[in-house]
Every structure is written in C-alpha cells, then in structure tokens.
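Presented below are the structures under discussion, each in the form of structure tokens.
Shared between the two complexes below is subunit A, which has subunit B as its partner in the first and subunit C in the second.
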Partner chain A sequence: MYRIRFHARGGQGIKTASRILGTAFFLEGYEVQDSPRYGAERRGAPIFAYVRASKKIINERGIINKPDLVIVTDDSLLLLPIAGVLLGVTERTVLLIATDEATELWKKRLNLQGLVLSISTQAAVKGHAGLPLLGAACVGAAAQLVGAISKSALEEAIHDQLQPLGKVIVEESLAAAMTAYDQIEAYAGCTTEREDPSADSYESPNWIDLPFEDAGTSAPYIHAAATTLNVKTGVWRSLRPVIDLQQCNRCALCNSYCPDGVISLDAKGYPQIDYQHCKGCLICLAQCPLHAIDAIPEPGQEGEIS
Partner chain B sequence: MKESSLKSIKDLPSTHVLGPGTPTCAGCGALGAIKIFCDILGEKTVFVNAAGCMTLLTVYPFTPFKGSWIYTAMASAPAGAQGVRDALDLLIRKGRLKPEEDLKVVVLTGDGTAYGMGLSSTSSAIYRGLDFIYICYDNEGYGNTGHQFSAATPHAARTATSKGPEGYQRYKKDLFAIWAAHRPAYVATVAGTEPLDLARKIEKAKDLKGSKLFIAFSPCPTGWYFEPAKTIEVGKLAVKTGVWPLKEYIDGKVAHTKVPLPKGKRPLVEEYLKIQGRFAHLFSPTRNENVLEKIQAGVDAYWESIV
Partner chain C sequence: MIRKLLTGNGAAAWGARLARVDYIPAFPITPQTEIIETIAHWIGEGRMDSRMTTLESEHSMITSAGAAATTGVRTFTATSSQGLLYGMEMIYTVAGWRAPFVLVNVSRALSAPITLEPDHNDVLAARDSGFLQIHCATCQEVLDSVLLAYRLGEDEKVRLPVIVNLDGFYLSFTREPVEIPDDAKVDQFLPPYDPGETRFRAGDPISQGVAVLGGSQYSYFRYETHLASLNALEIFEEASKEFEELFGRSYQPVESYRTEDAEVIFFMMGSFATKAKDAVDRLRSVGRKVGLLRPRLLRPFPAKAIVRALAGKKGIAVIDQNLSLGKGGILHTELCSALYSMADKPVMVSFIGGLGGRDITREEFYEMVAVTMKAIETGEVPTPRLLYGKEELIQMKGLQSIAKVEQRKGRGKR
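After this line comes the complex of A and B, so read on.
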C-alpha cells in the first residue's frame, strides 16, 4: 500500500491536490482512500490531507503515521513543530518540498536520511493570478514518484476534479502537473509501497482505559477562561504587520478593527501587536489612516513566531 | 432614552474580553462583531451557540470566552437559552444565586440558523417574552461548510450551491421585519465594521427586559472571495452604498441610525459588488447590466420608501 501525506497551508488547494492524486490512482485500478483532515482548515493554517492506494482492500483508517511520501507545498511548515511534517518520516520516506532552497540544506537542517526532492516555487508554472500552481505541480511530481500513474490517468484525473472550475484552470493545472511530472522523471518509482502489517504483528495503541463516569465528570467541560491564549494562531501568518511608532498618531483604529483583538495599547496609547496570535489578515494595515503599518514576509527568522 | 456615553470610536474599550487564538479565518467579519459584543456585555454572560462557524470558537479544551458557553443543535439555540434563563431564575429565587451574580443569556447563531431552521424556535422564544440577547452573525451563507447559499444570501451572489451564470436566484429574507413583527424589546441591524454604532446599540439594549435581537453584517473573506485585509472596506461600502441599512426597532418604531447619502450622491452598489469575487460574474467576461440595474433599483427603492 502507498501512504502519502500532504502538508500545506489552508487555501493552497491541497485538498484538491490529494483528490486528484487519489482519482489518478483509482483510474489505474487501485483501491483508494483520500481525505483532508477536517478541523480548523482556515486560510493560512497548517492543514493535512492523506492518500492511501493499494491493489488490495484497504483496512487501514485514520491519519497516516508512517508515510512513504510526504509532500510539503510551503517550506515554512518544515520549521513549525505544530505542522507535524516529519511525523513518522524514516530513511525510506521520500520528502518532496516546494522550496527555493537547496535540498541538501533541508537534509542537513532537519537531519534527514532519506531522499529529499524539491520543486522550485520560482520556476513552477504560474496561474492566471500570477501565483505558482504548487498543488498541481506537487500532484504531477507525486504521480511520477510512485511510478504507478500514467500521464493519461493524471490528465483524466485533473479534468475530472477541476472541470467545474473552468477551462482556464484545467489548462493551467495540466501544464503545471505535466511539467513537474517530466522534471522528476529520473526519480520515477522512488516511492515504494510498504506491505500492510499482518494481523499477527499488530501492536495495539497505547490505550488508556477510562472508567465510566457520570456526565458531570466525563463531559468535555472547560473550567478555565480564555484558554485559546494557548493556541498560537501566529503560525498562520505569511505576512507580518509591523507598526512604525514614529508615524503613529495613536488613533487606535487598529485596536478597534482587529477582529482577533491582538492589538493592545500601551500606557501611552501606542499600539502593540501580539505576534503569537496575529493571523496576518492585515486589516490594521488597510485601515491605518497614516499608513504607519507595513507588511514583511514571514518567517522573519527561522521558526520565529514572536 | 439617555444619550450614549460612547461619543467616538476612542471611547470603546481597548482591552478585550474575548481571548485571541480562535480558529476563525484571518479577517473574519463575524469575529470583529462578536469581539465588540463581548466588550460591551462583559464577562457575566452565558453564550448559547448553535452549530455554525462560531461553534469553532470553543473546541475542547480551548475557549476564548471568559464567561460560560454551551452548544446546541442549529434549530434549538433559543430553546437552550430558555432553559438557561429558567435555571438562573430558579437559582436566584431559591437564594442559591445572588441577584447581582445573574448572567446575561446570549444566543449566538449564523444566518443559516437565524433566517432558516432556527426561525421557529426564535419566534416562540420572543412570543414567550424570553429575556435574552440574540446575535446573528450574517455572512450570507453556510460559511462553515464551504459557503452554500442560505435564506440570507443576496440575489446574484455565487455560492458553492449557486454557481449559475447569474448566481443565486432568490432574494435575501427580511429577517429584521420578521423579528420586529413579533414586537420584542429591541431589534437592530449592526456591523462589526461600524464599531461605534454597534457598541451604542448593545449599550442601549443590554439592560432592557425581554428579547433583544441583533443581525450583524459579517463580511466573509473566505466565502465572499476577497482579501482578508479588505473586510472593513467591504463592510463600510455595504453601509455607504445603502446595501446594508443600519437601523433599530424599539418602542414600536423603526429608526435608521446611519443614513447613506441621497441617490445620485451615494456610491453605486456596484462599488460594493465589484470588490468581491462572489459577484465577479456580473462584471467579467461581460458586464451584466440587467442584473446590476436590478440590484441598484432594489436598494434605491428601499431608501425611497424610508424618506
């Protein structure tokens, strides 16, 4: 069975990408599971999607803990522990990253033993909106890496999944996928199937048996206030708003308009941004009457949030 | 009615009751409104939340609220609020809760619930004179599930379930009129993008006895297809062009709290429409003059009927 895990940020089209890959496998006669992980799939948030494909019936369920291929469309996720990109990655796992940095650098940085491949975001085929079509490119590369998907199956899968979005998007995505498919030809079949573990070798998870409790004890009560403070939504950000306090006239509009309430005012009335939680919507930048707020790309420094 | 102590946007609280770190999308227009509701209502609240985008605010073990929160099915939030209100009243009557420790019961639902499947239980709650606050964050569709149309979706908008060449064919329900017809204590349309108007209305209504209902216009970057940074611009244009009237019903009368410029002087509705991807099909590849004129005429007719 092939076990393939996608990592992206919400909005990069990774749900569709996994769907296309799953469909292509299906067209090649495979039994397929493909599913995004349902949860906080918000724009910018780290999200996951899984594809399993096998010639036999698939009995495995749930998240993929031991992937054969991991695809990452946003290299900033590699530096975020919360994104879990390296979960279960071993020396036989192929890692495909959309990045403009050298793969050797990533191997060293992340201490990886296995094969690491990259797709250049700068060289990738761009869509009509001017952005690189990384989802489509990654699907093309993945189809080549598993060595089990023909160009015609890939093409049909793209038509099948993207046709409702119109001809332009189908054509662009086809171009992006096929270019990546050809580029990575030297590595065809590098991702190999791993046999399903037999029932004899099954190790039960580390379950903790809970005694039956009445609803007052067992219901999911939260007894503390404002615990979302522990959720660092700052990791969603791709652009960071920065306030030039020299220009600021303390009008406090940014404080009023920030939907997440992450801009506070200091004792003198100057605004301060809580970067642990700022999602990077840039409403503050758009509303600042004096244009005293700028946006700089994340990550500022490696892995830095605050 | 005494004059509001809130004179300018600077009078609004600058520290916030609602905690950060919620899973709402970046630039969420609904969250902006809820933030101000929490600031004005304070911590002594019980939110009764019907299924929708905002149920994601509280996902175990995380909550942004400093007060209490419970979850109900879509159609039954006002019924849940009745139970909470009754329980509080009983506790006070039996002396187990001091009157000053009483909590405000706040229903929080999206437009799918408020305009549609929750309308019956809301009607019954107002009819029974339930003492509660109802906040509907109106993002004009079933936002949490991928933005399918709801009874609040405006004419011609593209949603996940209205992808035809002219978008959604039906017209947005007038929930304000439906609610006001029940003669509750207070009904208002508000917008998180108009914080001062919103804060004043909450302040005015919060201590009234009976049902107080709010429809909060909530621009949705994800479902309406615009950049998150433009949430305020979209909300402000909806008010300036006359698409979203800011009004309130109190003591049997409807009053407008912010009237756009007269016809000819106010910006055309298309200024509001063209910055949202959900209306892009009205401008490209060709301009759909018929539909644009129809939408403009609808807005003009509304304001003519007011003056």
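After this line comes the complex of A and C, so read on.
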C-alpha cells in the first residue's frame, strides 16, 4: 500500500491536491482512501491530508503514521513542531518540499537520512493571479514519484477535480502538474510501498493508568488573559495585505471587519496592520471601498514575520 | 451503477437522493454541513426534486422533520454532536409520534472541552429515545444504510425514525470507492412511502401527541413503541435479504469478520472497526485466532445474534469509543447484560479508546489481544483500560506547565 501525506497551509489547495492524486490512483485501478485533516478552517492554518492506495481493499483508516512520501507545500511548516511534518519520517521516506533553499540544507537542518527533493516556488508555473501553483506542481511530482500513475490518468484526474472551477484553472493546473511531472522524471518510482512488520513483534503502546488530579489541574481552563499575544499567528499568512495610505480615506471599514482585531487606527485615524498576528485572510482587502489594500505573496520584507 | 470516490457525507447525500426524499429540513454543523450543501446544490441544479427548508435550530429542524413525516412525506435530515443534543427534546417526541424519517448523525465528540473529531457519546445520548440506530463503518455502508433505514422505519410493523450514524472525519471527509446503485433498482427496493391509517392531514385533522395522565395509558404507548423497535430486527433481516439480491451487498444486524474459529473477538462499533479488521488479518497471518464482531444495529439491540456469534469464544476485547462518565464503556455494559445468562461465557475486557477522534493504532489492537489472552489464561479480568500512552501524559504536562507560567503572569499567584 502507498501511504502519502501532504502538509500545507489552509488556502494552498492541498485538499484538492490530495484528491487529484487519489483520483489518479483510482483511475489506474487502485483502491483509494483520501482525506484532509484540519482544525481551524482558516486560510494559513497548518493542515494536512493523506492518500492511501492499494490493489487490495483498504481497512486502515485515519492518520498515516509511517508515510512513504511526505509532500510539503510551505517550507515554514518544517520548522513548526505543531505541524508534525516529520512524524514517522524514516530513511526510506521520500520528502518533497516546495522551497527555494537547497535540499542539502534541509537535510542537514532537519537531520534527515532519506531522499529529499524540492520544487522551486520561484520556477513553478504561476496561475493567473500571479501565484505559483504549488499544489498542482506537487501532485504532478508525486504522481511521477510513485511510478504508478500515467500522464493521461493525471490529466483526467485534474479535469475531474477542477472542472467546476473553470477552464482557466484546469489549464494552468495541468501546465503546473505536467511540468513538475517531467522535471522529476529522474526519480520516477522512487517512492515504494513499504512491507509492514509482522504482528509477532511490535512496540508496546506504553499505556499508563491515568492518575486522578484535582479540578485545579484537570479542568480545561486557560488561566491567563491575552495568551494569544504570545502566539505569532502571523506565520499562518501566505498572502500579506498592504494598505496604500495615499489612497486611504480613513473610513475604518477594514478595522471593523478584521476578524482578528489586528487592524488598529493611529492617532490620525489611519489603519495599521499588526503583521505579528495578521493571518492573511484578506477580508480587509475585500471590504475596502477604495481598493486601497493590495495583497502580496509572502515572504514579505525583512524583519517582519513571514 | 457507477463506482466512484465519495466522502461519507457525499454517500449520505446520495442515499437521500436515491431514496427520492421529498423534504429536507436543515441546519448546518461541522462535520455534517457538506451533506446539506450537496443536496442544496443538486436541488438548485434540478437534479433532485425535493424541498429544502433551513430552520433556525436543530430543535425546530427535528420538529419539522417529524411533522412532515406524519403527513406521509419522505423526510431526510442530518446533524451532529451539539446539534443533536440541542434537538434532544424533539428526538424523543417525534419517535413517540411514530414519525418515520431518516436522520444522519455525523458523530463528533461532545463539549466540554469542545472538539471537532469523533466519538460516539453524541449518538449514544439518543440511545433510549425510540429512534432506531444503524452504525456505519464505510462510506458504501452509509449510502446503503440510508436506503435500508427508510425500508426499516417506514415498515408498518415499525413506524419509527432512524438514525444512520457515521464518524466525523474518518468517514465524513474521507473519500473511498462507493458503488452508486441505479435509480430504477432503488425504486424497486424502496417504493414511495404510504403511511396508511397514520397519515396526518390538515384537511382531515386528528389530534396527535395527546396528554395522558395516571401512567397506565402512558405505559401502553411507550411499551408499544418499544415492541415496534424490537420488530425492526426481523424487518432489517428481511430488507437486507432483498437488498443483497438487488445490489449484491449483504448487511446483517451484526457484522462477523473471521469469527468462526476465533478465540478472541474485538467487539466495537463504527469506522474504527475497519482498523480492527486490518489488525485481525495481520494477527491471523501469524496464527492468532482473532475475529471482529460489530453491531451495525444498536437499537434495536441484536442480543440474540450477538449471543449466537459469541458462543464458545474465550475472550472479548470490548472497545468503547464513548464513555459514560461515572460508569464506563456503554457497549461493554450492553454486552454484559446480553451475555449474563450465557453458560461458559467468555472473559470480557473493557477498553475505552478513540475519544475525541484519538487514533487507535495497530499496535494497540495487538496489545488488546495480548491483554485479553492474559485474562483468559489467569482468569483475572483487569479493570477498564483507557487507551492513553505515557507520552500523551508527558505532552499534557508540558501544556499544563505553560498554563501555570501564564497563570502566574496573568493573575499573579492564586
């Protein structure tokens, strides 16, 4: 059985990417299970998705603990322990990262023994919005890496999953996926199905008897106020809203609509964005009646959270 | 017939579409919302000839479903978790009305603390309401169970609403290959609903839900509803037989997997049972005599079939993905009562696992067999075991230590 895990930020299209890969496997005659997993359904929040594919009925379910292939569309997740990108990654796991840094650097930084491959975000095919189509590129690469998916199955899967979004998106995604498929040809089939260990020997789950603890400890309370100040949710952001203060007429709608309360007004009534906590939802951009707010891809300028 | 990848939510929506439901009262809640979104989309495109109404709460939604069903309209609705609990007053009431409709519940653990991922405490809160309950383990089973549920609930020997339960995330958002049966065959299996004498019509008013005092009449009505629920066991088997003839898939009130010569049995409900199947196959390949028994029907409780399947077994690992606080696993309690009168009954070990969607790993299934085997050998049954590892507690302590630091920072030492 192939076990593949995708890691991304909400809004990067990873649920769709995993479904394209799942559909492509299905078209090639595999039994398939694909599923996204998310908590906060918000742009920028770390999410993951997984795909299982096998010639036999799949009875496994849920999180993949020992992946054959891990795909990461946002390299900032690799340094975020809560994203769990490296869970169960061994020397036989292939890691595919969308990054502009050298793979050797990532291998060293993360102390990885297995094969690490990269897709350049700068060189990736861009969509009509000017952003690199990393989800589609990663699917194209993954289809090549498993060595079980033909170009025609990949193409049909992209049509199947993206048709409702219109012809332009289908064409752009096809271009991104096929380019990556070709680029990674040298590694075709290097992700293999793992032999599972025998049920005779296994690592004990190390269960414990949960001790009683009084309610002062065990009730689910967060004691301190304003703890969110310490959590830099700005790292979620993949697109940065930038306000053109020349155009701004200080209507303050952005300040009212910001769901996170990170747009404050200065003494003169001009809006200021707290980029340490702005998650990049772009509701401000949508609301601004003068179109004075633009969105630029992260990473942003030096010295700011990107 | 086509076979395609569908989520559990998509499969539930397909079940409603194929059943040609007339009316869908709706209210959104994660992880169920995709069901009503899918149906709304189909209605909008003219692919489903149904009326959908969005209500202001689950309480009104279930009232509306019950009221519609008593007029003879085929009704479908769906909810989850807190939503099911919010509508709980009407869950009991509409079952008392003997209003047959299908409610899909997408299991999600209950607050507090609040979460999105599944366990079965939500649907088990409706256990004693009069609703029948079908618990699914795969997306295919979700679609098929919606069809079976209408046959079951609408049967004149039953006339009760039915909950079809699927696990949030593990089924609701998970795509698997699902066979979508042909309309014509479904029409053959599921003809339009005819409520006969129980039809409620505005033009010919009757009184429903009358007050009864003194207890005697109340006892009559409640016990009659109980008897109707018990009838569903026989009707389920009849309907399943016909279903199998038409569609080639067999559904028994209790699913048995490799139980014939098994010594140790996993006993559990829901989608995690497929993980148990995987463990059974792997344990079998190294010579362990292990099997799985999964109640598909929880209400009515198929006690006789369970007793039959467990006769001669040495041990049972009962895995409850629920917790009756102050008692323990609900399935364990139900199974104990079913087996109490059995001679040479197997050893029963209680495990609580998968709360709030926590994974149950393959190694944990192996370990549950080892613990049960030990109980068989020694005759000593261990106390109920929460599936919870040392590392999990260490992680919890890490989080709590942050909370304590913040407590000092935030409020000063208390």
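In this section, the second predicted complex is superposed on the first by the 194 of 306 C-alpha atoms of A that agree within 3 Å, B and C clash if a C-alpha of one lies under 4 Å from a C-alpha of the other, contacts with A are read in each partner's own complex, and residues count from 1 in each chain.
Throughout what follows, a contact is a pair of C-beta atoms (placed from the backbone, for glycine too) under 8 Å apart; a residue touches a chain by one contact, two chains touch by 3 or more.
Just so it is clear, the model here is predicted, and its values are computed rather than measured.
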Note to self: Touch test for A:Gln122: subunit B only (first), subunit C only (second), both, or neither?
What the structure shows: neither
Checklist line | Which of subunit B and subunit C A:Asp260 touches, first, second, both or neither | finding: first
Note to self: Touch test for A:Thr227: subunit B only (first), subunit C only (second), both, or neither?
What the structure shows: both
Next item on the list: Kindly classify A:Leu285 by the partners it touches after superposition: subunit B alone (first), subunit C alone (second), both, or neither?
Entry: first
Check: In the superposed arrangement, which partner chain does A:Gln246 touch: subunit B (first), subunit C (second), both, or neither?
Finding: neither
Notebook entry, point to check: If you stack the two complexes on chain A, which partner ends up touching A:Gly44: first (subunit B), second (subunit C), both, or neither?
Noted result: first
Checklist line | Touching partner for A:Asn111 - first (subunit B), second (subunit C), both, neither | finding: neither
Notebook entry, point to check: Which residues form the common part of the subunit A surface touched by subunit B and by subunit C?
Noted result: 39, 220, 222, 225-227
Notebook entry, point to check: Which subunit A residues qualify as touching subunit C in the complex?
Noted result: 19, 22-23, 26, 31-37, 39, 41, 58-63, 65, 196, 198-200, 202-208, 210, 217, 220-227
Notebook entry, point to check: Of all residues in subunit C, which touch subunit A in the complex?
Noted result: 4-5, 30, 112-113, 116, 169-170, 173-177, 271-272, 274-275, 277-279, 281-283, 285-286, 288, 359, 361-364, 366-367, 385-391, 393, 400, 403-404, 406-407, 409-411
Notebook entry, point to check: Which bits of subunit B are touching subunit A when the two form their complex?
Noted result: 9-10, 12, 14-16, 18-29, 31-32, 35, 43, 56-67, 163, 192-193, 195, 221-222, 227-233
Item checked: Contact footprint of subunit B on subunit A as seen in their complex -> 39-40, 42-45, 164, 220, 222, 225-233, 236-237, 251-253, 255-262, 264-265, 274, 277, 279-283, 285-287
